[in-house]
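As written, the chains take the letters A, B, C and D, and residue 1 is the first residue of each chain.
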């Protein structure tokens, strides 16, 4: 169950302290001139040690392609790739070998598999998302060729919420701040909030908003694989995510139908809706308007604080973890959200080629 | 793309005004004594015309099994079933044949397929969910044998919100009110709110909460098919759903990690957590605590009101639909939420047989 | 595991003495004007009671479409269909309820599932192939639009072998004889051989040859899903099939490489090979030449003769079955071979749309 | 389409002259103590340069595991592995860059993808089968724990055919000869035949027989995924394979049903059949008897001889290839046949856990 996608399929592998993280992309069309710099750029947006508000662990996170690319072009054959682990301090985890940390996957892995690689979270580490960023960055390149762009940004950190919605913002400013919030004033508050969490050896959660523009009408499958169901599935598969909503989302439940309905109008630039509570998706299928959605991230569970818990023999114990961790994952999760959205959209782009003879 | 599930697979078929709705369940274990009454009971909870706050359209919604069951027992072979359509007024839709109703799937279907069955929404009608209720009711019977129960209830209608969370409620009272809210006082307010929407020829949305109890630790797949990602995917595939959250959800993003973490303790009844912000799932895998989640439903788009829109030739027009519709789908959606949760859980129950030699 | 195909997917259901046989086709492109007569024609070629050399059991075998077709056109939604069982003599099987007939699936079903529908073979009956013939007949209609035709014929019955290969034959004569061998002289011998088997209450096997013409170069997947691997998988999934070979097949193993290689030449009509030992497939991908293959059918196991066997309590017993059975399934299996080939080819036709951006 | 298997899934990657060949195994149960020596042993049986009758190209073919194994045990997480390419003479292929060699995949790849890695056959090289041998060797270890063993041997080279069937042979002698035929006398003739082909710069085909013992009754899926259909699919996916038959196979088509049927008897050692024309499979499901099958390999297409063909501009040309090639692939293909059989059987072993609640 480590494969994502139906047509453009990523199978990911790797543990945080093993040989490396990587994957195989099967189903990538042939003939794409791969822009490696664009892939590396997204990896760099995700990598640790990039600013004062992320973990200070340093990883080069350079991707190596192992197959499927020849003379710079995809061949239609499986694209295997790896990012070799370099900066593992596995001994940091010796004390945690027999401990089930609160709200981690330690306990549940043992219950499921009877065994686990305890070093750095093993397979449950968010380091696995590197593979998704690589695959997503390739998907983005294909989507760009058909006019689709995807941008995500941090819209909430703890209780600090960006009041404006995406049409009121200049998304090109997102990368101007280390927290990846396009409103520079709110960004400062968010940074201060994360620094406070860091000082307290605590963590803080928040929300990332994603926007896909240029998706033509007609993408998505009407019943189970609604476009937003696939997006939600993708986002909920990211570490620490607790919720997903698109368009009017949870707030929209309070509106009446006559307030919520998006009226179609024919304009000079084609068919549009006057509002977009639908979030660009109707009946599970894109309608040509912008697609937008929110992804809720809990405060991550790794605290550098004394906490009660149990060990593998189910004794009640106290732990006091040390190490290098992010007080807030959201800035680094922005490219992950984009990557997962790209993987969903590329799949539906390709699926949509199959509708007619 | 009309199949749900990896091991216990439902493939659904049917249009609201065609011959009927049905499906094939492939991968149901052999030897289950099917309790048809329990299946019919869930169909009856979903069917139209059941109370004054639902559409007055009457459908018997009786299931007929076509294969896979012999002498009352499942055979391990595909279980095909159908619910024949009886009470279609297809002519009601003649006026809508060439019209794209606001916030419906009319426009997007045409953009995707170039053709559509316009009668009663065709394939995009929520009548398709009958197939899910049948399959879910079978899944529930297997889950009951392994100690798992699933209950859903209406926790919000429009702005009326049930203040209590599920441990504070007596869920056995859910079926005591026609709105399926276990707090009878709040239920009365919800019913009044729905009746108001009905009088205004308008609609109203809300939230359904689902709870799964008795799931042992170890169900779920750690990376893409996290248990909550599969649940979210299932819920977002239900008509009119706009959001999904589990455990602490969107509200939990405001907590610090030290507030959010669920501490393990060994008690007389085994390992437990003192709080349950995790919603019973850690690292994508169940930890033995209750699983709970919220599902946001928009107010449905079918209004018996004059509205602006376009026709198939992209002319701006005005429509004024007539017919029989629900002012609020939530009461009838409760068994659908349960059914989809059951389909996810049965799949992970079966998948979990594959972890060890 | 009752689904065939990756893009154009048939999920089949039904037992020989249940309510009926049918299926759901998911992934059929929208907008196809269905020619029901062509579907019915293939069903009639498969149905029992069609000539003196088939079982005298009579079944109308009329297909009813339950969904996915509106105003004569496919909608892109699931196409469900059923052929209702009419002429079941289930009591004929009462004596066999507790018996494991030699070389049938009685014993293995019980070992797998612990239960079985014993009436007429239940799910293991070749009556299930009706669903494949319907789906294949739809696939053929799409393939015809892109210039691909598929024809099968009986090339061997028992020891009577058609000496000529398909380019030496006039395949349009296949339907001129009840045995479906295009060489009328050999056909007479085959008919006599089957009649002899019938008189002796015995059965006889043989070989069906399939030919697909008009497949352009480029269909097939290079590694596991080689075009011939998918064809072989399809054919080996037909009841009573024991072997599959394509192109030079088993005989080709005796040639040297210099004899076996097919030399490319550029001619006025494009690139061709001077010989076709490759059977139209190289490296798993079609090369534009004719695709041809052989399918071996064992003599079926249902004999109206006294035989030793065991019962469900593992007592050694003697049985003496009665009933209506085919002495030779090959004439009726010709449309099944064609249908399965069509299902493979339609899948690769659709898959091939995904190779390039 | 580079994934094999439904539960125990191998996704393979790599080109013959790229960075290496490898794969990801997803779905391997946790807790297996991996015996790396056994894996390496099968790789060594497959590797080039192992004897005077194989290509003299030398490759160490050492497997490196990249994930999924911790402290010697499988973790239930994806097992990634690679065999790095070492001894590529890519320049040997410069002359073939623009040439479509007869009966190779050069032409069909270009027709499918519009691009190809021409070096050493790229993805179409049989070097890809290394990944299958690794995965198969792991599957064998699990199967051994449940009492299942798989052995293959060369039963025909060109016109030289081993007269005896497997029960008359001592299969433990298979590895005693470089040609992997357990009858040492026939083996000598086969070796001489291959040496002759080598001297003539030609190639020779043949047949490999596979035998699986210890498979209990009940494995296999009754309709499309019959156990033999999955085996046939697996074998036909091996490079150069042209045919597959099991049990009585093509010869069995000449028998009458009364000769062909396998009679059940209860003996002291349980239920058995007095003959085994069924090849251990009835109705697609194993019956507890030995499973045996034949796989036909064509003489491979790479000849060190002058031949006519076309170039990429469709000019008729003459080529005269040089290089290091096998005159006969069969001895090296024996472990590949075993590996593919093991992948099928492990899948059905795991699938069979899902039949009952």
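Heads up, the rule we're going with is that a contact is a pair of C-beta atoms (placed from the backbone, for glycine too) under 8 Å apart; a residue touches a chain by one contact, two chains touch by 3 or more.
This is a predicted model, so every value here is computed, not measured.
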Q) Which neighbours do chain A and chain B have in common? A) C, D
Q) Through how few touching steps can chain B be joined to chain C? A) 1
Q. What chain lies farthest away from chain B once each centre is taken as the mean of the Cα atoms?
A. D
Q) Measuring from the mean C-alpha position of chain B to the mean C-alpha position of chain D, what distance in angstrom results? A) 46
Q) Using mean CA coordinates as chain centres, what's the chain A-chain D distance in Å? A) 40
Q: With chain centres taken as the means of their Cα atoms, state the distance from chain C to chain D in Å.
A: 26
Q.
If I count partner chains per residue in chain D, which residues reach a count of at least 2?
A. 1-3, 12, 27, 30-31, 76-77, 112-114, 123, 222, 355-356
Q | In the complex, chain B residues that touch chain D | A | 7, 27, 29-32, 76-77, 142, 145-146, 222, 350, 353-357
Q) Which part of chain C faces chain D closely enough to touch in the complex? A) 1-4, 6, 12, 100, 102-105, 107-109, 111-114, 123-124, 128, 156, 158-159, 197, 200, 202-207, 216-226, 228-230, 232-233, 236-237, 242-250, 252-266, 271, 273, 277-279, 281-288, 294, 296-303, 305, 307-310, 314-316, 351-352, 355-356
Q) Which residues of chain C touch chain B in their complex? A) 1-3, 9, 11-15, 18-20, 22-24, 26-27, 30-31, 64-68, 70, 73, 75-80, 82, 112-117, 122-123
